[in-house]
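Both complexes below contain subunit A, partnered by subunit B and then by subunit C.
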Partner chain A sequence: MELAVEMRNITKTYPENNLRANDGIDFSLRKGEILCLAGENGAGKTTLMKVLYGLESHEKGTIRIRGNQENISSPLVANRLGIGMVHQHFMLVEDFTVAQNVVMGIEPRKYGIAYDLKKAVSLVNEAIAHHHFSIEADMLVRNLTVGQKQQVEIIKMLYRDVDILILDEPTTVLTELEIEALFSSLKQLAKRGKSLILITHKLKEIIAISDRVVVMRQGKMLGTYETKDVNEQQISALMMGKSISLSIKHAKRTDESQPVIECKKITVLRQGQERPLLKDLNFTAYSGEILGFAGVSGNGLGVLEAVLGGFIPVFDGKILHDGNDITNIGTAQLRRQGLAYVPSDRLQIGSSLKASVQENIIVGESRSFRKNGFIDQRQVTKHTNDLLEKYSTKGTAQMPIGTMSGGNIQKVILAREIERYQDYIVFSEPTWGLDIASSQFVYEQMASLRDKGAAVILISSNLDEILTISDRIIVLYRGTRVASFVGDEARNLSKEEIGEYMLGIRKQGASHV
Partner chain B sequence: MQFTIPMLHSAITIMTPLLLASMGGLFTELSGMLNIALEGLLLMGAFCSIIFSYYTASMILGTLLGIVCTMILSAILASVTLNLKANVFITGLAVNLFASGMTVVLSFALFANKGVVVFDNIPPLPLLGTPELAKIPILGDIFIGHSAFVYLSWLLLALCYFVLYRTPFGFRIRATGLHPEALSSLGMRPNRYRFASFLISGFTCGLGGALLTLNLGAFVPNITAGKGWIALVVIFLGNKKPIGLLIAAFIFGLADAFSNYAQGALNIPSDFILAIPYIFTLLAMIGSSIYANKKGAIES
Partner chain C sequence: MSEKRNPTSKNAFPTLKESIGSLLIVLIALSGVIILSFLLSKTPSKTLRYFFLGPLQNAYYFGNMLNGAIPLIFGGLGISLAMRSGNFNLGGEGQIYSGALATTLFALYLAPLGVVGAILALFIGAFVAGGLAGLSGYLRMKWDTSELITSFLISNAVVLVVNYLIAGPFMDPSTSLIATRKIPESFRLPVLLPPSSLSTALFFALVAVIIVHIYLYKTKSGYQLRMTGLNSRFAKYGGINTRKFIVLPMFLSGFLYGLGGGFAIYGTYFSSIKEFSAGMGWNGLAVALIAKNKPSMVIPAALFFSYIEAGARSAMLHSDVTFEIAAIVQSIVFFLISSEVLFTLFEKKRRYS
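Up next, the complex of A and B:
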């Protein structure tokens, strides 16, 4: 069969962290097929596609497009070769119409210099009709739904006569109905001879749409399969891989356990998006317990973090802390009432990179270091040095925190948050990007907090982590709770099993919740 | 009030440099750069136009050369800001300081005079209009009998509208300010459009500056007296729309003209009267931001 794309031995290393995002990848795309590129976060899927689209360079390997070896140095070259990419974040000018967005860069003209706005509308309407999309060229992009905006992005590429189309996680923001509409459009396109690549980690979608599936894990290619020959469980097992064993003792909920944080039917909506980000989520975090939230990204973990951190308001429902209503009181108020929080984004939210380590340590707590109305620097430095030693962190109190390694930055944040914690603490992706030793350290700290009676909430898309240290596990899928596991049930859970819940293949009955 | 008509007439002359500078500033603003260098560019245009007019003994040639000098300065500003990625606020400030210092230095070097330099070979600007047109009641008195700069600025305003809203170039300029990644993801370079906007700023400021000095037949140090800054206010007050610029610039021209006439007619300390346009700027800015806040509150 004719190959649209053939990538051989592609190797790409990010110099900043020496991470090998693509390690000798062989990849091929047949003409007229829909291929899914599957893998967990950080598997290297997007990197590989950015190489193909000319957004990233690669050290080794060759790329052939329709049999000819090409050097794709920019998106412009990619477009010329008929390769288009629909990015996860829309590249649209909200104040322009659909037509104006679609033709940008290749606008129809009249009298040599003037923009033929009418012709743009009619040309784009033709393209829309040709591909059976449901938008109109003279609509303002601002007024479109998320699904319609995505159609604009696809039309934008088709208008450029692209015949190899890459879509990066196209369904993340769509409702079920919008996904169906998108898939039927994509199938139409494939029938007309376009070759499509979908980056995704959603098994149901892989099965529903693809002809073949390519699985990647940790920068390596695991294999290419005909979709009809594999089932969801097999793909899931390939994507998740083997677990690393870390030993952490588990705790049982006792009679002394008190509810600390209670979330009652919380729902979070985003403007202009039909599907709620979180829907009717119920849970209680008890003292002396690590409550783990598992899910694939885009299914509500990040939203839950933002809700607990006070960054986004809930639309409906209640959050109680020790029985007091703390719904929508904002981050500052939450902090005052005892929120301790290790955010997933440790560089933007968790720390101020240009500020020194000690400034990062006392931020929000400077009141307790005041002497005669001024901050007592000597006391701050002493306090910081004590913490650095206690958490075996390499570095000095005065150095800007941004010059530390990722693991050490995380330790500083951890030190600050554990020091201020009162009765509950939220960890979001606490070991993301950390090596095994640092991860082990973080887990030990979490376990010791739990043993001291803290209610520990862990939000993580890392399955090993969830299974290793959680005493209780709740699985989120598309913003709702689809499963929960307590005690032995949680301990004996296999990755494959929980993976099926995370990917929406299985769902527990209402009685279990 | 018997001075209403002459005051309106002079408001139109006074508003023209503001209108021109704000048009150029509109381009940089829409491309996503706050161009605080308008003041310095205007001053550069004012100085270069009159000395070239003096040396070439031609106001047209002098104005053209003045515009070229101003565009060179704005090109330097653009390349330092865009290519070397310097902060646009700092580079703009540098242009302003450079222009105010350099014009005085050059004026001293050329004419041994740090103060007002009067050029006697420069005739007053010819005023356009026929006696028939001038006879039209009120309108004729207000709109006829201005220099070519005034009518040219109106033509340029129409051109400005056409370019921004009826050409691919204008759409790309606006897209650059609204979502630069939308352009770069299609293989276009947003910085090219920003560079072009800076050049357009240089052009209109050169022209606006020329009117300031040629109208007077003399160069006065710091002759712009904050007009470049007010032009920035005009852009925001005019809601970043060409027609809005015209209205906002006219209001400021009127405030300025009023202070000129009021000095002779009203019994108010002249310092206070001279401050009227600036006080007005402040009030206009406060008013428009209150309005914008209210509007924003309703929309969200």
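Up next, the complex of A and C:
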């Protein structure tokens, strides 16, 4: 069968963290097929596609397009070769019409120079009709739904005579109906001879649409399978891999456990999107317990983090802290009421890279500032040096924190947040990008907080982490709670089993606590 | 980078590496003077001698050069404060002008109160200017309008209004100038270096530098302001009320400009003359940019700017070039600095995108 794309032995290392995102990947795409590229977060799927689309360079390996070896140095070259990519985040001008967005860069001309808007509209309408999409060329992009915006992105590529189309997580933001519509359009395209690659980690969708599936894990290729020969469980097992075990003692909820944070039916909506980001989420975090939230990215973990951090308001529902209503009071107010929080984005939110270590330590702190509004310089230096020593962090108080390694930056953030915690603390992706030793350090800190009686909330898309240290687990799927596990149940849970809940294959009954 | 600072005052002065960009700009600007002199003057060596040595040759020129730096120090401080918080204040022209007029009018009105009246009038002027800049901050906080645009637009309108007030209702008919009446003798600051017009306003400018430095690096509010400017997401996450640090720094920025205008009246002009402060606002911006928003570096930067102006004035009097040579050199500086700022902005964007 004719091959549209053939990638051989692709290797790509990110110099920033020496991470081998692609390790000798062999990949092929047949003409006219729909192929799903599956894997967990950080498996290297997007990197591989960026290499193909000319957004990333690779150190080793060759790429053949329709049999010819090519050097794809930029998206422009990729476009010329008939390769198009639809990104997860749309790149559209909101104030332009569909037609203006589609023809951007290759506008039809009148008399050689003037922009022929009429012709653009008719050409784009033709393209829309040809591919049976449901939008019109003169609609303003601002007024479109998310699903329609995605259609614009696809039309934009088709208009450029692309016949190899890459879609990065195309269904994340869509409703069920929109997904169905998208899939039928994609099948149409395949029938007309276009070759499609879908980056996804949603098993149901892989089964529903693909001809073949490629599974990646931790930068390595695990294999290519005919979709009809595999089932969801097998793909899930491949994606998740074997567990590595770190030993952390678990705790049992006792009679002394108190509810610290209670979320009652919280719902979060986003403008212009029909599906809520979180829907009627109920949970209680108790003292002396690590409550883990598991889920695949795009299913509400990030939103939950932003809600607990006070960055986005809830549309409906209530959040209580020790019985006090703290719904939508904002970050500053939450901090004053005892929020301690290690954010997932430690470089943009958790720290200020150009500021010194001590300036990063004292934010929101009261001891370092005198009553008269001046900084207590001696206290600042002492406090910072004490913390650096206590958390065995290499560095000085005066150096800009951005010159530290990622692991040490995380230690500074941990030190700051653990020092200020009162009765609860939120950890989001606390070991992302850290090595085993640093991860172990983080887990020990979390366990010791739990033993001191803190209500620890862990939000993580890393399954090993969730299973290793959580005393109780809640699984989120598409913004709702689909399963929860307590005590022995949580301890004996297998990765495959929880993976099925995360990927929406299984769901617990409503009666489950 | 200039932002790599900490609350200790040990490095109030930048290291050589940090200031190399500014030094380079100064050198390029000065070589501009040399090239222009050779192009424009029939007697380039004479022109250059008066340009470079003129400002230093006697007490009159030297004093006036120092005096010219005073409003630039206030303006440079004002801009530095705003920039440290991540805000742009492009309304210096209107702020310094309106602050000066308000101070003049209230000084006339409060004459009977003596020193108290003088201080009161000075602060009223500063509050007026601070209010104008603060308004842009408030608009950004409320509706996310660009403070860069609004401060510029408001300032342009205010300049016209002040022009009208000076030429209309408040004009002193007894002089041939378009100006208000002169403030009482008792309000005028003593002259330091006669026959130049250098006054004790210089000391107030130096005190302002120290106060702004202490505010930025020694107080909680200054710390929060800098954190907001460095990374507002981090500041918000850390519990800092980042909305406050849109309005406050803009207000303080205008306040300092207003003080600059007020001291120009008390020390040099004694009445609001039509368009007497034209250019001071923009030059304050350039001063802050050369100083990399470091309060302590505002002093040499302001002196440099004032030196170029004084040099051009001296060269114009004693040789065959026109005063525009100063404007050309200042625009070279402005151009180089903005390109450097744009360059770093561009770098930042590329790194985080």
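The criterion applied here is as follows: the second predicted complex is superposed on the first by the 505 of 513 C-alpha atoms of A that agree within 3 Å, B and C clash if a C-alpha of one lies under 4 Å from a C-alpha of the other, contacts with A are read in each partner's own complex, and residues count from 1 in each chain.
Operating definition for what follows: a contact is a pair of C-beta atoms (placed from the backbone, for glycine too) under 8 Å apart; a residue touches a chain by one contact, two chains touch by 3 or more.
As the structure is a prediction and not an experimental result, all values here were calculated from the model.
S.K.: With both structures lined up on subunit A, is it a clash or a fit for subunit B and subunit C?
M.R.: They clash.
S.K.: Between subunit B and subunit C, pick out the one touching the greater number of residues of subunit A.
M.R.: C
S.K.: Mind working out whether A:N22 is in touch with subunit B, subunit C, both or neither, as first, second, both or neither?
M.R.: Neither subunit B nor subunit C is touched by A:N22.
S.K.: Is A:V93 in contact with subunit B, with subunit C, with both, or with neither (first, second, both, neither)?
M.R.: A:V93 contacts subunit B only, not subunit C.
S.K.: So in the superposed three-chain picture, is A:P343 touching just subunit B, just subunit C, both, or none of them (first/second/both/neither)?
M.R.: second
S.K.: Now for A:E359: first (subunit B), second (subunit C), both, or neither, which partner does it touch?
M.R.: Touch status of A:E359: second partner only.
S.K.: In the overlay, one of 58-66, 94-102, 130-138 or 184-192 from subunit B clashes with subunit C and the rest don't. Which one?
M.R.: Of the stretches 58-66, 94-102, 130-138 or 184-192 of subunit B, only 94-102 runs into subunit C after superposition.
S.K.: Residue overlap on subunit A between the subunit B contact set and the subunit C contact set?
M.R.: none
S.K.: Hey, which residues of subunit C end up touching subunit A in the complex?
M.R.: Interface residues on subunit C, with respect to subunit A: 1, 3-8, 218-221, 223, 226-227, 230-231, 233-241, 352.
S.K.: Residue numbers of subunit B touching subunit A in their complex, please.
M.R.: Touch list, subunit B to subunit A: 162, 166-172, 174-175, 178-179, 181-188.
S.K.: Tell me, which parts of subunit A touch subunit B in their complex?
M.R.: Residues of subunit A touching subunit B: 74-76, 79, 85, 87, 91-96, 100-101, 104-105, 107, 109, 113-115, 117, 156.
S.K.: Using the touch rule from the top, collect the residues of subunit A that touch subunit C in their complex.
M.R.: Within the complex, subunit A contacts subunit C at residues 309, 311, 331-332, 334-336, 341, 343, 348-356, 358-359, 362-364, 369, 373-375, 377, 380, 397-398, 400.
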